Every structure is written in structure tokens, then in C-alpha cells.
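Letters A, B, C, D, E and F mark the chains in the order given here, with residues in each chain numbered from 1 onward.
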Amino acid sequence: MAEFNQPISGNDLARFSGPSTFMRLPQATSLEGLDVAFLGVPMDIGTSWRSGTRFGPKQIRSESAMLRPYNMATGAAPFDSLNAGDIGDLAINTFSLKESLRIIEESYQAILSGSVIPMAMGGDHSITLPILRAIAAKYGPVALVHVDAHADVNDDMFGERETHGTVFRRAYEEGLIVADKTYQIGIRGTGYGANDFTEAQGWGFQQFPAQELWGRQLHNMGAEIRRDIGARPVYITYDIDSLDPAYAPGTGTPEIGGLTTPQALELIRAMKGLNIVGCDLVEVSPPYDTSGNTALTAANLLYEMMCVLPGVKSR
Amino acid sequence: MAEFNQPISGNDLARFSGPSTFMRLPQATSLEGLDVAFLGVPMDIGTSWRSGTRFGPKQIRSESAMLRPYNMATGAAPFDSLNAGDIGDLAINTFSLKESLRIIEESYQAILSGSVIPMAMGGDHSITLPILRAIAAKYGPVALVHVDAHADVNDDMFGERETHGTVFRRAYEEGLIVADKTYQIGIRGTGYGANDFTEAQGWGFQQFPAQELWGRQLHNMGAEIRRDIGARPVYITYDIDSLDPAYAPGTGTPEIGGLTTPQALELIRAMKGLNIVGCDLVEVSPPYDTSGNTALTAANLLYEMMCVLPGVKSR
Amino acid sequence: MAEFNQPISGNDLARFSGPSTFMRLPQATSLEGLDVAFLGVPMDIGTSWRSGTRFGPKQIRSESAMLRPYNMATGAAPFDSLNAGDIGDLAINTFSLKESLRIIEESYQAILSGSVIPMAMGGDHSITLPILRAIAAKYGPVALVHVDAHADVNDDMFGERETHGTVFRRAYEEGLIVADKTYQIGIRGTGYGANDFTEAQGWGFQQFPAQELWGRQLHNMGAEIRRDIGARPVYITYDIDSLDPAYAPGTGTPEIGGLTTPQALELIRAMKGLNIVGCDLVEVSPPYDTSGNTALTAANLLYEMMCVLPGVKSR
Amino acid sequence: MAEFNQPISGNDLARFSGPSTFMRLPQATSLEGLDVAFLGVPMDIGTSWRSGTRFGPKQIRSESAMLRPYNMATGAAPFDSLNAGDIGDLAINTFSLKESLRIIEESYQAILSGSVIPMAMGGDHSITLPILRAIAAKYGPVALVHVDAHADVNDDMFGERETHGTVFRRAYEEGLIVADKTYQIGIRGTGYGANDFTEAQGWGFQQFPAQELWGRQLHNMGAEIRRDIGARPVYITYDIDSLDPAYAPGTGTPEIGGLTTPQALELIRAMKGLNIVGCDLVEVSPPYDTSGNTALTAANLLYEMMCVLPGVKSR
Amino acid sequence: MAEFNQPISGNDLARFSGPSTFMRLPQATSLEGLDVAFLGVPMDIGTSWRSGTRFGPKQIRSESAMLRPYNMATGAAPFDSLNAGDIGDLAINTFSLKESLRIIEESYQAILSGSVIPMAMGGDHSITLPILRAIAAKYGPVALVHVDAHADVNDDMFGERETHGTVFRRAYEEGLIVADKTYQIGIRGTGYGANDFTEAQGWGFQQFPAQELWGRQLHNMGAEIRRDIGARPVYITYDIDSLDPAYAPGTGTPEIGGLTTPQALELIRAMKGLNIVGCDLVEVSPPYDTSGNTALTAANLLYEMMCVLPGVKSR
Amino acid sequence: MAEFNQPISGNDLARFSGPSTFMRLPQATSLEGLDVAFLGVPMDIGTSWRSGTRFGPKQIRSESAMLRPYNMATGAAPFDSLNAGDIGDLAINTFSLKESLRIIEESYQAILSGSVIPMAMGGDHSITLPILRAIAAKYGPVALVHVDAHADVNDDMFGERETHGTVFRRAYEEGLIVADKTYQIGIRGTGYGANDFTEAQGWGFQQFPAQELWGRQLHNMGAEIRRDIGARPVYITYDIDSLDPAYAPGTGTPEIGGLTTPQALELIRAMKGLNIVGCDLVEVSPPYDTSGNTALTAANLLYEMMCVLPGVKSR
């Protein structure tokens, strides 16, 4: 076990102390030897309502100090099996969304030149489009598990074709994802017409609206998705607003009637066995939850995603 | 569709911009041509614990900018079927509860002189008594769907007979409501004796205490209420504190163990088909939830109530 | 009824007014004649992450002004049956955890010299160790209902053997509790190995991890625990972080995926009939929930625990 | 010294502990033997903009735990010279401003039947009118030191003649105060015409607009006022909004360009030697400053006013 | 007086009620007949640190409800002399800074086609560049009173030449302002070299660093600037971060050691007599001051700027 | 210049991005080659009122990202002259004040074994006692510039002799400081007797109570202190509560009537030329100022102290 990076234990150094990396992992200065790379994409200029997600990575890292290495519920011991580090933030251009997306794509191309699995902390959801471009360039079209209150399949917003609300239409059009292996979970709320959701169904997207999930446990649904995906490379993109605002108040475009954290955990835990090639957790907006609890939730979900990565063993 | 007022789209004008009306509907200067009138009753002097609901209408309108016109879950397209506007606030007297109640009643008499359905944003729950007086003057005693943590059937508070805790005893005594078509949903918490609830049962009120609803879906219960009411005119009064404080922290007299937002949505959606003659959403207290999420929830519930008004078609 | 202390009614004195005692009960200056003593243990120096629980008792008392004497759901009328008072705060030494624990133990020895049942408002969870020492000195080893996100069975933290994370290992080692009548409910999250939980199972502790309780009602589980305990003296220690952070954001070491308040109420209500000899409610940290709602929840849970004390009658 | 009530020392009982009385003085159950009575008037229904002052007394008392008995700057030792206690809150009727004002007046008549000096914690400024009625009934017209951003001399608001904005016109009309010994300090902001201030000058009021005080020390001005008042009975009414919002953000009708706390202290300290017969500190609204610092300021100003009461000796 | 638009009086309609326009002026649907147009430019994508200024106009308007029409300190009665309205928000593109700046410029060209004086509520400071372009197109190079913690004369930020930190270098280069009639007041803090300020001095800018203003009254300095400008058209751009964070905490790039609100008022009041052709108030970020006091300050400063517009008479 | 560590420029990497070190300096893994070491001492168990300073270092570092390397007011360019790094946090024991003080002393002994100047971010003020022990062990008794609202010269608190309120009595008794070269600046508030301050004057301490500094500029006072100290080694300990709560609300034991930030800057800037051997900035409590502005102030003051260290040149 000693061969892999370990989070600093709360019994060795007070939790409110030490490095501000994810789970107080070592700050990695290169990708060499890493199986998993946590990174921040601090950006909010792709968002349409409340801003603030530019501080998401900072607060997620801060709250992740509460996490310990072993998953008491599933037995997963991810730091026994994988070498993980925090590679810091991508150097986005906070004045230009277009330019930032370009930087993200290029950065991901570099990250993906090796064999590391990137785990991104957003930032608004627009970051996922350039990530998927780089992912698809390496792996071809991937299956996509997309947990969100929103389908994010607008054609444009104010004439802009690349924003946090258009990501998955672009991904579909550009062939970055396998349409009929794309799962949109937790979508809900108000829109402009049934077409807002059904058009994507026409492309093959499989949708699981929140109201069909209320009061249900998500083990089985997760298992069906897992079977349906099979051995394909899969990317998981987790918008924190998929959760009900009771569980995640600190986000930019909250929608009532969302998932619970038990459902979120059931869903992620059901992904064990998939060929996951990357993950992100987006849309945490610290100014709207200064308690840090939304970021704590995000940190937990990132950790749980790490626990189902290929190669993670239980003990 | 172009013949009816439409909310400004978030794709036409940034959501954090534009008029501060409900859903950024046009500010109506008269009731002429309106089927639905949203209005504010900014008041908190009828409340017994935390104040602040005087800012409720302002924050609900502000957060309603997130709403889009079409209901993705039910297919309702209320703005296709009904002409809606925001008629602004009633000009209450913030120094006198008695006088304010008189103003509200008179204002409602004027509003109800036409055929518009009023949708009020409170304000504390004391506003519902004068509203019901005006409603009953027009429609006779109405069925009442009352969603609340509290039965609000005290005889008096500090000797005052008209406060946010005495509304439905007065409504019963004055014959404003049909007692056995009055449904109190979500009531719970502590009291002074069983009589606090059972006396009203004796009048005919049908009560659905929160603890009997925990973990249940409310479709069926809602359907039974709908059948029981039949074709009678019905008024819906929605106290945000019916929700659990996890879902609606920004309120004046919170009680733990409340409804969830999925339950709230199931309940309202089950009201489709009723002859609803008016609605209110009360007790949002902005100083106790500066994130705006409680107000966002309130805005959603008002929108969902609009979606089940008579004449609203789906597409 | 007049013979026992009564909370001041919200109809007699505005809720935001009057004494800052628990439920605005009389401030007791001696234990004489009391059946139940509410007390504060304002302390946060035993906590490992966020501090602030030193203000817990103050905020719990403040929010308890919302509570009325009668339990609408269960019919319990605790103030008809038991004479209760608020005996104020223990005079801990805020600069020394060791010394504070000594003071708490000695204070409890004095309190327990009579027949009063102490109901403590914490403070961090480290206060429960000296309480149990005094309890066991009087009653011998007690059954323990321990509701918490954490098992609190570390051997030490930074070499210290008495902190909020080591309480129940010490209690076990010192024979303060009956190991196989110890119930840990709601535990979850991350740890260092399966052993973090299973070692205590080896001692006989019965554990009910949160993920096994998700979506379940807890009546039956509570009833089984009640039967299993039988007539033994039992102590209830309630860590507010057992609740999901959606329900109790204001705490020091939150863990996602926790209990709901309905579950908390079901659990406590199922304890009726047990020989409860003391209770505490710990880990409310006001700076992390300035709305007061976490403290309100805590106040309710303390009240509900009072409602199941021996001798409490219903009406 | 031991003969008089003393605040609990922070070295005897942790500051975050103990009774919630002003400065943790004994809760007085009668006026007997008291020279000074602190009391709360928890009310906000007389306010015109932000509410929340109903929680003012609670938060001022809470923050007053920071205060120690001796004034390091002036040497005043008020608890050596005067017997002080906290007599709790007046039992106002939160649903009726008129009725509350009546209650306040009657309560003050009772309080003033002895020789105690009442020190009131508001509450909105409307409480000062009934206080002055009772004061004048006992002492005849009094000199008035009125520190405020507002002159509070409106004739009516929404037709109401008794609100927080009409207090001193009523006091003038009713002959409760000596007009040319009335000093309005810190007034500023926007109005409806010069007359808003000048009419009161015509009655004899001496006004000290804030902009004439900017950057000045207030010793001399205070001394002039003191000389001008001479031996007359004088009442001090201190509206926290006289301070700049930087110093006192937690208030209902803030106005920029206000006094600093050094100026406030200089002003109060210059009152030493006057025949002060009562004081109040009003308009602290806790929801708008959850840090507690505005209330801490208020507690300090009340303490400083106590330090200049007749009979207070220095050491 | 009746001929001009008037703010709704707080004595006619409760302040927490009514339209959300600036000072509750009428919402103008055209510029016709207006002398002064208040407008919002809700934008934060030009900012480099904390975001949130997109909600600035909404909160400034909300807090402006506290303002009354007459300036008690100066006697100015701006609504007697000028017809003012709120023309709403510019429809910026929240995903593109470049595009938004283009929209602002075009919108201002339209606004300036008549004779109205625009008073903009930001938004981050990048909005001032397109405003100055339109202003200069109409008036030629203008004198500029620039109150700010920052000189905003960077050459670029991340390669972008149009951000909130480069505005006045661009304005200088493009000849939009008269360099030696440009006054930068309140600049301070840290930088990269003396050149950060001195280069602009070389262009002719007159700089008044904050530390030279500490403890001074600004009447005389203001008067000198006024004389120096003479009859030229002048634009005033007011960055709220010129104020000390004690006075204006809700801003994106706060710097300690700033101006006080008395200084701000003295400065603006000294501008009376200038040929002011436009004003803006920028950088209010509501998420960082939920009390609303920063926005209240901003609303006051906008009002005070209106009070010194050409043609405003006193009474 | 390239030979020394430089803060990351906000023009190279967005300020909300990158390492969470002080000013985004390199994280130093050894002291080798460092002239200045910033470090955190995250602790709050030595505080007597509000806790939360354990998160002080984290928030100060976070807000320090706003700082640029050059001092615009003084011309100091500290990173041209000195090699600075952030050496992380001391590994205190959060459950034992005594043990933590021991750890701090030992850590400082190690740090001081070389020639680095330590700049500590607290933490409560109790950290300064072990720091001074290590400082005196190296340098002998030092001159002390102590800026604080409190003299911190209690003999004990609850019998404990080492807390945040007893530091400078212990330092005096132990001969760690030169008594007549000890300057206490900004002290004020309430106490138990004149002796609270005068006893220390008897030891030789030179005290500058806040009320004597109100409205004054502190250049000259600073210069006198500098001359009085001469060439002696001097330690600067800066308690953020020396500032008025308007300027630094986020602290544990606030006192009204404090210093302004201009005064703080004048004072520190006057220290240029002294033989400063170490500095600390203590008592920032993030939960009481979630805006971050108090921490921003702290970061600025630390930077300003660095600017007056021996060897710092201007340009």
C-alpha cells in the first residue's frame, strides 16, 4: 500500500491544516506514475444564472479534508489500488469562454497522452464539452453517464453554441459520445416544450427524469445501465444540481424535486465494473453555500466515483 | 400562442436581468384580458415568531426568473391557454394588521369583480383570511386545500382573533369554506392538546398529518381529494412551512418532519381537473434563506398551481 | 397539571421573548423536586474539524421557544407527568479538555445523587464519556442507544484518548456500557478500514449503518431494539450529525447520506417503554447554520426524547 | 462592592455559558432594591423597511456576555455604585402596534413607580413614545438626547400616527419633552424637503446633522449639550442606525455617512453629570447581522450609558 | 413638480413593495421626455476575482427603495428639475465579453441619440469602456472622474485587452478621454511596480492615491477638480471598491485602506456645476453582502450623482 | 529578481486558481534558501469566546491570492530582496492546548535554527507565547510591538496560565521580552479594574489605548516607537481584533472603538528600519466573516509586515 500516494490522515495532521489538495493528496508536478489525476477547472463564465463556480475547486478541495481513504459502505480501498494525485488547476482564461474551452481541450489532450484517469472539479458544466472532445480523440465515442437536473441540449444560448446548456447536443453532433449509450439521469423542471427532452431521445439518449425516480432506490437502475454499457469506455459527468437543492443548495441553476444523496451514492456505486475513462463533478457555487456542505457532497461524490474506477479493490 | 402574455425567455434576456415580475411576465396595469393575476401581499405583521415575510414577494419574483413556460413532467403549457400577468403588490398598511386585512379584502373584491384567478405571493398566512372573505363573497363557501405544518385554527393569539394562527377557525366560523371539503395536509409538530387538531375534525375538516405521509407518494391521496371535491369551487392555500425545513429553510415558524418537494409536486399535480378559483403561497421569509432557494421553491409551486388551473392544456 | 413546571406558552408571551431556558421552562436553582433536568455543556475543544459547538446550548435553547408542551403525533404530554426545569450550564474549563471532562463527571455525580433524569445539550460528543462514567457509577453498565454518523471508537486522536472520536471505545473498555446492548445507528462515510466498524461489532455492539436504513421507516427497527434492551437502564446519546446535512447543516463533522428527521422521530418514538436514565443531544454548531434550523431540530429531538421518558403519559 | 449585583465574570464561567441576561446579571424578579433595570422590548411591527428587531433584545443580551464590569477608558465602575438587574422583556402584543404601545406605557408606569432607572433594549424606535409618556408622567417634560440617522418627526405613515417614524413629533405635541432641550444627533440622508428637519428646529429642537460631524471628535459638542441641559431630567434614546452601516450593519433602515463608534463613545461619555432618568437602545435587527457585532455594539453603548448614570463612581 | 416622474413615496406604498426600478421610478418604455435614464448592465464576466456583479443592478434597485427624493444635506431636489426614469437592463450576452461590450456600445449610441443622461448600474467595470466609446462618439473626448481602488490601466489580462482591469488604458489609447482631465481617486493596494500608476501619470492622468486622502475631508480636492475641468463634458465612473471594504464589503476585488462614505459624499457633492454627461456605479457583488448594505451605498451614490447633474435645483 | 521565489501573478493564473499558499508562493519543503517563511498555526482552543480561528490560516491564504508583489504606497518590493516561501502548517494537537504550545515552541526552535524570519498566521493569540519562547531562546529578550484590543496580561483564566489572554504576562515573567520596549497599541474596552492595564505599565510596558488614537494618523507614533526600539531585535504580534469590528468583523473577541486599516498601515509602515525577527497575525475567525474580507485584511497586514523586514528595498 505504501507504494501509492495516500491522503494525509486526520489523525496525523488536523483536518483544518495541511495542503489544499483534493483529500490532501500530494500535489503532483507531473503525471508520471499517476493512475488518477484530480484537477480543478475553476470557471463560471459559461453559466446562465448565478455565478460563483469559479471558486468550486477551491471549496471542494477544502471540504475534501474530511474524507478518509476507505469506503465503509462498499469496502473499496481506492488508494490501495491506484496512485492518485492532485495536479492543480487548468489555467483557463477567465475573460473568454471560447478560449477557455480551447485551453481545456488542449490540456486534456496532454493529460490523456498517458494512461491517467482525469477527475475534474468544475467549474460550470461547459467544461465537459472540451473534455469530451479530448476523450473522444483518444477513445472514440464514449458511453456517457450524465447526472443532471438539465439535459443541456440547447442548440444555442444568446447565439452562443458552447455554454453550460448546450454541451450534450454538441457532443452528439460531433460524435463524441455513443448516443444510445448516453444516460441522462435526474432531468426535470421547466422548459420550452416536450421537445427539450424528446429530441435527444430521438438521437438515442436514454433519459431518467427525476420524477420517475422519486422515492426509489437506484441500485437496480444503475445495474441496468451498467449492463447496457458493457465494456465500452464510459465517461461520467456529474452536475451537482442533479441533487435536490436541500442536499446541494450551493449551485447556480437549482431545480426542486431532485435526487437525494442516498440515490446519488447508489447510482455511483452501481457503476462498479465499468470501463470508466474520466469523470467530472461540476456546478458547485460556493457563494451560495458558505457552510461548505455542498462542496463536501461534491467531494464525497468524486471520492465515490474513484471507488468504482477500474482496478479498485475492496478489503 | 402569441395572443397570450409570455414570460421572457432566458434565451432572449439573461435571467438575472429584466423586470422583477413573476416569471418576468408583463407588469399588468389593469385586469382586463387577464385570466390569471399574480400579485404580492408583502406583509409580516401577522406572524408570531421570525418575521421577514414582508420581503417574500420580492424574493419569489426574483427567483422565478429561473422558470420556463412549459412543465416538462406533466406537459402542461399554461401560457398557451391562459393570459397571465403580474399586477404588482397590494398596498398594505405595514403598521396595522387589522387595516391591512381590510385592504386585502377590498382589493380582492375588486380583483374578483372580473373573471381573473388571483395567485397571491405572501406575506404571512394571515393574508388568507381576507382573501377567503372576498372569495366566499363571490363564490359562496369554497372547498379548501390547505397545505401547512400548522392547522392555523387557534381561537386567538394575545387576544387577537385575526393572525396567521387563527385563519381557518375564522374561515370556518364565518362560513367561508365548506368544512367537510377542507383538507389540511402536512400538519404536525407540538401543540397544547389533541384538541388543537381534533376540534377542527369535529367541524368536518379532513386532516392528513405529516407523519402519516412520511415516505409515501401523494398521487393517490391527491386523487382522492380531487374526487371528494368534485366540481365545487376550490381555493388552494400553500404555506411553505408544510415542507420540511431541509427543503424550505427560509420561513418563519419551521417544523421538522415535513413534506418533501416531490410530495408537494405530486400533491399539486393531482389537483388537475378541479375548479380552482384562487391560490396563494405564503410564509417565505427571505432573511432566513439568503440563497434564494426557498423562494425558488415557492415560485415553482406557484407555477405548478398555475399548471392545474381550469383550462390549462398540455402539449 | 399545575403542580409541575410548564413551558411559557407562545400565547402568553411572544416566542421571541422571555427566558432563554429550554422551552422557556423555569430556571431551576436546585434539583429538588425535578424529575427532568435540561442542562447545557457548552464545549467544542473535543472536536476535530469545524468548531462552534460551544454555542450549541445557547442556540438550542433559543430555538426551543418554538416548542409547545403537547406532542401532536404521539399524544405524549410530558409536562403533565414530569417536573422539568433547566438547570443551566456546566462550568467547563474551555482551555482544557481533560479538565472539562473531569468537571462534567463530577457535575453529573452531583446531579445523579437525586432521582432526576439529565438531558444534556452539547457541546461536542466528548462530553458523553464523563456522563457515562457518572451514569455507570450509579446504574452500573447501561444499554446505549447511540445515533451518529460516526462510531466514535477510535483508540486515540493525536495521541489523546479522550476526544469526540474515542468516546465509545473508552466506554466499552471501562465497562460503562453493556456491549451487546449498545446500538450504533446511522454510521456511515469514509474510514481507514472495515475494522473501524467491525472491531466494535466484535465487542458486541449492534450496528445499523445508514445505507441499510435509506428509504426505510424505523418503527420496527426501533421496536426490536426496545425489546432487546428490555428493562435495563438505557442511555440515549444523539449526535445531530446522524441526520443528513440537508436536515442538520450546522454541525462539525457532517457526512452525506444520513438519516431524515422522520426517521429520527420514528426511532425516538419507538423508545417508549424503556428505562431511560439520561439523554444527550450533541454536535450542534451554530456558526454553520445561522438560520437556527439545526438547533430547532435538536430542540425537537430533545423534546421527543423527553416524551418517551418513563412515566410520561399520553392524553 | 459585594452588596450590589455583579455580572458573572468571564473568568468564572465561560462567556458562551450561563444566563442570557444583560451582561449575565441576575434575573430580577422584582424591582425592589434595583437602581438600574435592563429590560427588553422585543418588537418590530412599528418599522417601515426591514423587520427583525423583535430579536434585538435576545441578541444584545447574548453579545453582552463579552462585557466586563469596569470601563477601562473612563474608570467608571458602575456595578460598584448601582444595583443593576435584568427584569426581562415586556409582554408586548406582536399583532397590534397600538396595543403594544399601550402595554409598554403601562409597564413603564409600574417600573417608574419606584426609583429605578430603566435601560431598554429595543425593538424598533416606536417603543420610545410610550416610554416617554410614562417618563413625562413622572418627571414632567424631559430633556432629550436623541441619537439617530432620522429625526422621526413624520406626522403620520400610512395614516398611522404612532410608528417608528413619528415618535418625536408626538412627544413634542404631547409635551413629553422640553423642545429646546431636545438634541437630534446624526440625522442625515434623504427626505421630502428641508422641512423634514427644519420644522422641528422651529419647535426648538437642536439638530446636529451627521455631515457636520464627519471627521470631528464629539467631546466638546457633548459637553455643550451637557451644559445646556443642566440639572433637568434627561432621557437618552439611541437608535443604532445613527452609526454608519459599516459599524452597525444589522439594522432596519440604514443610512450611509453615519457616526463612528469612537464618536458614539465620545458622545455618551460626555453625558456624565446629567440627571439621566432613562435610556434606550433601539433598532438592532439580528437577521441582518448574524455575526452579532451590531448587537455587541449596542450592548457596549448600553453599558456606556450606564457608566454615566447619576451616582456612578470611578476608580 | 407634478410634471416630472417621481419616486414612489415610502408613505404611499410600503418600501418593500412596488416596482423594482431605481427608487421605484416609473419603468420607462422609451427615452422620450426623459432627462435622466437609470439603467442596469448586469454582467460579471469581465471580472478577475470574485464574480457576482451580474446581480448588482437587481440589488441596487432593490435597496434604492429606501431613498427619498430630497437631499437633506445639500438641498438638491433632483426630481423637481429633471425627468428621470428607469429604462431597464441592457440585453448583454452573458457568454461573451466581447459581444457584450459591443452590445453596450450600440445600446449607448441609441440612448445618446437623444439628450438623456445615462446613469448605469453595473456590472463589472469593463462596461465603462463601451460606454466611453459611445460617449466620445457624441461628445468627443471627455474629462473623466474615476473613483476606484484600481487604476484599471493594465495593457492586457490573459492576453485580453478588454477587461475590468484595462478600461482606462484603452480609453486613453482610443482618445475617448482627455488625459490631463482624467482624475483617478482612491487608487491603492499592491501592484507589479510603480509604473502601474506612474505610466498613466505620464499620459496626464491626475492621481489621488487613497493613502494621501486618509483622514482628510474631500471638499477642497473636489472643488479643485471641478475648477480644473471647467465647462468640458465630464463622465463620472464610480467603482464601489474605491470605498473601504468596511463600507462596501460586497464587491469583487476589495482593497483595504479605502475611502469612507463621508469622503465619497463630499467628493460627489463637490462635482456640482460640472457638465456631467453620464455616470456609472460599478462592481457591486451581491453574493458577498447579502445584507444589501453595499447596494444601498451604491444606490445612494447614484442618487448623489443625480443631485449634481446640470440643471438640478435646490430648495 | 528571478533568483527569488515570486508569487504567481494574477495575470498568469486566474486568482481563484492555483496553490493555496500565502500569495501563491511556492510551497517550501525545506527552510533552505529561505529568508522569510510564512506558516500557519491553525488553532482555536486557546480562545475564550467565539471559536473558529482554526480555519484562519486557510482563509488568509485563500484571500492572499489578491495580493501583488509590489507595494504601491511605499515602493517596497519585498520579493526582489528576500526569498520567501510558505512552509505550511504546524502540526498542532487540536485536543490539547498545552501540548500544542509545546509543539509550536519546538517547531519554532527548528525554524529558528537557520536564519529565516517566520511570519505566522494564527490561530488564536495563545500561539505567540511558545513563539516568543523560541525567539527569546535565540535572540534573548526582544522588543515587542503588540497591536491588540486586549493587553492579554491576565494571570490565569479558569486556572489556566497559558491561554490567549495571558500571553504577555507570561512573556514578561519569563523574561522573553524587554518590558520597557514592549508597546501595546489599540487596547481598549471593558475590564475588571484599572489595574488590568496599569500593572503592565508598572512592568515598563508602554501602552497606547485606542481612544487616544481615535482620529489620529499613526506615522509619528510609529516613528517614536521605532526610535525607542533602536537596533534591538523586535517581534511584531498583530491581533486582528486591534482593528475596529467594522474593518475586521471575523474575529473571536471583538471590541468596538478600534483602529482603522489606514492606521494599521501607517503603524506597520513606520516600523521600517527595525531589526524585526518575526511576526504573527492572529485571531482571524472565518465563520464570523464568510465574505473573506477580514482574512483579506490579515493577508494585507502580513504582506505589509514583510515589506518592512530588514533588507527589503524599494523601487
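Quick note on the criterion: contacts are C-beta pairs under 8 Å (C-beta built on N, C-alpha and C of every residue); 3 or more make two chains touch, one makes a residue touch a chain.
The shown structure was predicted, so the numbers you read here are calculated from the model rather than taken from an experiment.
*Asks:* So which chains are sitting against chain E and chain F at once?
*Replies:* A, D
*Asks:* Just going by residue numbers, which of B-D, B-E or E-F has an interface where over half the contact pairs are the same as at A-F?
*Replies:* Repeated interface of A-F: B-E.
*Asks:* Using only Cα atoms to place each chain's centre, name the chain farthest from chain E.
*Replies:* Farthest from chain E by mean C-alpha position: C.
*Asks:* How many degrees of rotation carry the C-alpha atoms of chain D onto those of chain E, rounded to the nearest 5?
*Replies:* So the copies are related by a turn of 120 degrees.
*Asks:* Note whether the interface between chain B and chain E is symmetric in residue numbering, meaning over half of all numbers used appear on both sides, and answer same or different.
*Replies:* Same, since over half the interface numbering is common to both chains.
*Asks:* For chain C and chain F, what's the span in angstrom between their mean Cα positions?
*Replies:* 40
*Asks:* Between chain B and chain F, what distance separates the C-alpha centroids? Give it in angstrom.
*Replies:* One centre to the other, that is 55 Å.
*Asks:* Quick one: chain A and chain B, Cα centre-to-centre, how many Å?
*Replies:* From the centre of chain A to the centre of chain B is 37 Å.
*Asks:* Chain A: which residues touch two or more other chains?
*Replies:* Touching at least two other chains: 14, 16, 48, 50, 54-55, 93-94, 157-158, 215, 244, 246, 288.
*Asks:* Go through the chains and record each pair that touches.
*Replies:* Those chain pairs which touch are A-B, A-C, A-E, A-F, B-C, B-D, B-E, C-D, C-F, D-E, D-F, E-F.
*Asks:* What part of chain C is in contact with chain F in the complex they form?
*Replies:* Of all residues in chain C, those touching chain F are 44-48, 50-52, 54-55, 93-99, 157-160, 162-163, 287-288.
*Asks:* Considering only the defined contacts, which chain B positions touch chain E in the complex?
*Replies:* Interface residues on chain B, with respect to chain E: 12-14, 16-20, 27, 40, 42, 54-55, 57-58, 61-62, 88-89, 91-94, 290.
*Asks:* Can you tell me which positions in chain D touch chain F when the two form their complex?
*Replies:* Where chain D meets chain F, its residues are 9-11, 14-16, 65-73, 75, 77, 215, 217, 244, 246-247, 261-262, 265-266, 291-293, 296-297, 300, 303, 315.
*Asks:* Which stretch or stretches of chain C touch chain A in the complex?
*Replies:* 48-50, 154, 156-158, 187-194, 196-197, 209, 211, 214-215, 244-246, 249-250, 253-257, 288-289
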